[in-house]
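Chain naming follows the written order as A, B, C and D, and within any one chain the residues start at number 1.
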Amino acid sequence: MADKQELPSNWGRWGADDELGTLNLITEEARARGAAEVRTGRAVSLARPIRPAPLVSGPFAPTTGDISPVQQLMQYTGGAPATADMILVTNHHVHSTHLDALGHQIRDGRIYPGRPLEESVTPAGVRHGSTTAFAAGIATRGVLLDLAFDGPLPTGHPITPEDFEAAEARQGIQLESGDALVVRCGWAYTIDPERPMPGIGLDAVRWMHRRGVSLYAGDLGDAHPPFDPAVPGPLHRVALPLLGMPLIDVAELEELAAVCAESHRYAFLLTVAPPRIHGLTGVPVNPLAIF
Amino acid sequence: MADKQELPSNWGRWGADDELGTLNLITEEARARGAAEVRTGRAVSLARPIRPAPLVSGPFAPTTGDISPVQQLMQYTGGAPATADMILVTNHHVHSTHLDALGHQIRDGRIYPGRPLEESVTPAGVRHGSTTAFAAGIATRGVLLDLAFDGPLPTGHPITPEDFEAAEARQGIQLESGDALVVRCGWAYTIDPERPMPGIGLDAVRWMHRRGVSLYAGDLGDAHPPFDPAVPGPLHRVALPLLGMPLIDVAELEELAAVCAESHRYAFLLTVAPPRIHGLTGVPVNPLAIF
Amino acid sequence: MADKQELPSNWGRWGADDELGTLNLITEEARARGAAEVRTGRAVSLARPIRPAPLVSGPFAPTTGDISPVQQLMQYTGGAPATADMILVTNHHVHSTHLDALGHQIRDGRIYPGRPLEESVTPAGVRHGSTTAFAAGIATRGVLLDLAFDGPLPTGHPITPEDFEAAEARQGIQLESGDALVVRCGWAYTIDPERPMPGIGLDAVRWMHRRGVSLYAGDLGDAHPPFDPAVPGPLHRVALPLLGMPLIDVAELEELAAVCAESHRYAFLLTVAPPRIHGLTGVPVNPLAIF
Amino acid sequence: MADKQELPSNWGRWGADDELGTLNLITEEARARGAAEVRTGRAVSLARPIRPAPLVSGPFAPTTGDISPVQQLMQYTGGAPATADMILVTNHHVHSTHLDALGHQIRDGRIYPGRPLEESVTPAGVRHGSTTAFAAGIATRGVLLDLAFDGPLPTGHPITPEDFEAAEARQGIQLESGDALVVRCGWAYTIDPERPMPGIGLDAVRWMHRRGVSLYAGDLGDAHPPFDPAVPGPLHRVALPLLGMPLIDVAELEELAAVCAESHRYAFLLTVAPPRIHGLTGVPVNPLAIF
C-alpha cells in the first residue's frame, strides 16, 4: 500500500480535536461567494428519490421484496384522528444520497485526525467524527464540474486533475478554496462487474487538496473495481480519513446539469441540511443548489 | 364541533388531486423575495439537536433509558475498514423538529383535499398527501414574528391576529402571500399540565389563510390543553387538513431570534430539505434560515 | 352475516376477565393423558424453519430481496470476543409458524370474551387477551387428524365434522376434551388465486366446540378465498374471538405425519413454549410433539 | 491467560464441521431417561417474563424509559378486523432468558470447533455455529442441582465440583452423560459492583466436561467481576467456545426449585424449543421442565 507519508493529509492541521475537517475551509468569504450566486431562489435537489419498502410483510402489508435504504412502518394510532409512521434508515446505502461523516472510514486503526477507533466509535454511537459536525447545516458556494457534458464518462475512466481543469476552462469558472465540488460523470451508481465504473483518481484527490475543496458530491465517487488495489478508494480511503473531507455519495445530478447548461451558470449556493441528529456515521441528505 | 362550513378551507381550490396545499402559494415571485434576502450566506438552523439512544441495550451497549426520536444501531461491518449504522426514526415526536405531511391529519374520515382516508393511507405507506410533496425541497421567504421579544408568552395565551399584526408593526415587516411564517413564543415544547402552553387560536389560522401563509414553523403550535375542546387544534385539526398547510413542529428559534434582533432583519430565505423520502406522514427536518 | 346468536360462543363461560379461553379445558386429567403418551422422548417439531433476511442492505450486507418473517441485524460489538445480533419479528406472517393470541381478532368491536377493543389494545401493547396467557407454556395431549393420509385435500374442500370423525375411525383414536387438535391437509400454506385452499368449515368449528378442543394447529386453517363471505374465516373470525380458541397458523406437519403413520400412534404430548413475552397479539412458536 | 492446551476442549471430537457440540451427547438413551421422568405432564417454565417496551414514543404512545429485551410496535391494520404487531428482540440481554449459540463466543479468532470467525459470522448472519442447531428443539433429561437449598450462595462464591457433588448426594441423584444441568444459585441476575455475583469456576467446567453435560442452564453463570482475569468466564469463554456447550443465560428457577423440593424429584424432561429461526447468535427461549 502506498505509504501514508506520501498521501495528502490534514491530520493535525486544525488540531487533534478537530471534527470539521475540510469544512474549516468554509470561511465567511467562501460562504458570501455562494450567497452572491443566489438570484431567483430556484432550488434544485441533488438527491435521488427514496421509495420506502414496508418494514413488515404479511397479511396486513404487501409481500414485497423491494430493496430500499428506508423501511417504513405505519403505526397503530388507536383511534387518534391522525396517521403516523416510523422509518428504519440504512445510513450508507447505494440507493441513497447520503453524507459520510468523518468517523465512517478508518485508516490504520484511526479516524480523522488520528484518533483511535475504539475511543471514537462505540456500540452506543460515534463519539468523535460523527454527523454532529453537520448538525447545524452547511452552506457554501457549490461548483459543478460536468465531466459528462458530451456523454457519460467511459467505463473505467480514472478522473484526473486535467479532467477538472478542462471542465473549469470549458465552463469558464474557477474552483476556489472552501467551495463544494460537485462532479458529474453521467452515470447512475450501480455496481456491475461487467461495466467498471469510472471514478476519482488519487491525483484528483491531491488536486482537491491543493485547491481547498470543502466537500465532495458526485453521481460517482470511487471506482468499482478500484484502479489500484494498493489504494482502493481515493475518496473513501484517502480524502475522507486523511483530509477529513465529507463526501456526498450517490448524488443525483441530471437536473442540476440541465439547469446549469441552460443558464450557463455552474456555481450556486449549496445547502446541506440533514436532520440534526448527532453521533451518526452518515445520514441521508437532500442537498439544494440554490440559484 | 364547529361546523366545517364555518372553518377556512382550501379543499378544491387547487383541484381534487392536489398534494401541495398552501405550498402552491410559493410562486416564483415569492421565492425571489426570499432570494433577495440572501447576502452573507449565513445559515441558521431552526432544528433542535437530536441525540440518538441506542436501539439495543445489554452487555454490548449501555443500559440506558433515554427517550429519543431516533434510535441508533451500530452495524457489524465484519472487518471492513469502515463503520456504519442504521437509525430508527419516529417521525412525529415531541423532541424532534419535524415537518407534518398533509396526510398526517384526518378530518371527517378524509385527508386534504377531501380524499377518503382508506385509499390514501395504507399499511404499506401513504399514497396521497405524503412527504412526496416535499421531496425536492422547499425554498421561500421566511418571516419571523417574534411574539416573545420581551419574554415568553404567558401561560395559556391564545395567539390572535392582533399579536401577529403587532409584531409586524414592531418589526417593520409585512407578511406576504407565499411566505413561510415562523412564530416564536419563547417556550420549549413540553407538555406540563401545571403550565398550559400558549398556542395558535382559530382566528389566527383564519388570518394565516387570508394572508397566504405557505408553511408554518413554530417553537409552539397548538396549545395543550386545547383552548376549545370543540376545535382542539387550530393548526393540526384545521390548518393542516382543511387549508393543506404543512406544519413544522417543535422548531428551535432562540438563535434565529437573536440573529434577527441583532441585525434588525426578520426576513430570510427559508430552505427546508428533508431526506428525499416519499410516502411518509412526516419527516424530521433541519430548516435553514439563510441571510 | 350469520347472527352471532347462532354462532358457538364461550363469551361469559369462564367469566368476563378470562384470558385463557379454551385453554381452560386443559385440566390435570387432560395433561396427564398427554404425559401418558411420552415413552422415548423423541420430539418432533411442528414449526417451519425461518431463514432471516438481513435488516439492512448496502455495502456491508448483501443486497437481497428475500421476504422473511424475521429480519436480522448483526451488532457491532466493539472489540468484545463475542458476536451478537438482534431480530425484528413480524408476529403474523404467512411464512412463520405462529400462535395467535385471543386479542388478535376483533368481533363487533370487541375481543374475547366481549371486552371493548379500545381498552384492550393500545398503541403501547395489548392489555387483555395477549400472549401473556401463553407465557408459562402449554402442555396437553395432542392428536393429529391426518386428512391427507392418501394425498392432499382437494382444492377448495370445506372440512366437515365427517372428515374429522372419519379420521378418528381410521386412526383408531378419539379426540377428548382438552386435547389440542392438529389437522393435516397436506398443503403448504400459499395464497394462490388459481388454486383455492381447502379449509375448516363452520360446522367443523361447531364440532371442535362440542368436543372441547383446547388449541388448533394446522398446516392450513381458514380457506382462501373464504367459502362463505358472510362468515369469512370460521377459525379466525369465530373460533378465536367467540370460543377463545388459540390458533397455531402455518404448522409444518410432514415429519409428524410420517412419524405417526410409522408408529401407528396419533397422540403425543404437545408442548408449546414461545419466548415468555407478555402483551403481544401473537408470537412465533416451535411446538413439539413428544413421543 | 491460561494456555488453551490446559483447557478442556471438544474441538475435533465430533469433526471439523460439527455444529451440535455437547448436544451430541443427547443419545436416545439420554432422551429416554428424560421421558421416563414424565408422569403428570405438569410443565414448569424456566424463563423470566419479558414485558416489552413500546418501540416508539411520542404523541401516540406513552413516553416511557423502560429497558426491555423486547421492543414492540403495534401495526396499523388499516380497517382489518384484527390487531397485529411486530417485535424487536435483543438476543443477548441480561433481562432475557436466552440460549447462546456456539457462534456467540470467539476463542483466538475462531468459533467452535475451530472455524475462522470471518467465514462463520458475516454481516448477513451466522453461517456456522448458529441457532440452526437448535431449530428442531431439544429434549433430554434435566437435573436441577440446587446450590441454594438453604439460601442464596454467598457473594463472590466460586462454584466447585464439590458443590455439585454435595448437591447430588443431598438430593439423591446422579448427573449422567447427556443430561442438561440446571444450577440454582438463588440469585436474580443483576450486575452490582458492590455485591459480586457467585459463579461457575473453571474446575466446575472441567467437571461438566467429565460428566458429559449437554446443556447448561442457570440463574447465574459466569461471575461478575470474574474470579480470574486470565480466564474471565469459565462458561462463556471456555465451555461455550471450547466444549461447544450451549448455555441458557438468566434462567428463572424459583418455581422449579419449589416444585422439586416439594416432590423430592430433581429430574424431569427438559424441552427447549425457541422459534425455529436459523442463523442467529442466540435466541430467547422458554425452557419447560416437564414432570
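Following the convention adopted for this analysis, contacts are C-beta pairs under 8 Å (C-beta built on N, C-alpha and C of every residue); 3 or more make two chains touch, one makes a residue touch a chain.
If you want to know which protein each chain is, UniProt gives these names: A, B, C, D = Cyclase.
This is a predicted model, so every value here is computed, not measured.
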Path length in the contact graph (chain C (Cyclase) to chain D (Cyclase), fewest steps): 1
Chain whose Cα centroid lies at the greatest distance from that of chain C (Cyclase): A
Centre distance in Å when chain A (Cyclase) and chain D (Cyclase) are each reduced to the mean of their C-alpha atoms: 46
Between chain A (Cyclase) and chain C (Cyclase), centroid-to-centroid distance (C-alpha), Å: 49
Separation of chain A (Cyclase) from chain B (Cyclase), taking each centre as the mean of its C-alpha atoms, in whole Å: 27
Junction residues of chain C (Cyclase), two or more chains touched: 55-56, 58-61, 64, 74-78, 82-86, 88, 90, 92, 121-123
Chain contact topology (line, ring, star, complete or other): complete
Touch list for chain D (Cyclase) against partner chain B (Cyclase), complex: 55-60, 63-67, 69, 71, 75-79, 88, 90, 92-94, 118, 121-123
Residues on chain C (Cyclase) engaged by chain B (Cyclase) in the complex (per definition of touch): 55-56, 58-61, 73-78, 80, 82-86
Interfacial residue positions of chain B (Cyclase) with respect to chain A (Cyclase) in the complex: 28, 31-35, 38-43, 45, 47-52, 54, 60-62, 64, 70, 72, 74, 81-92, 96-97, 103-107, 117, 121-126, 135-140, 236-237, 269, 271, 273-288, 290
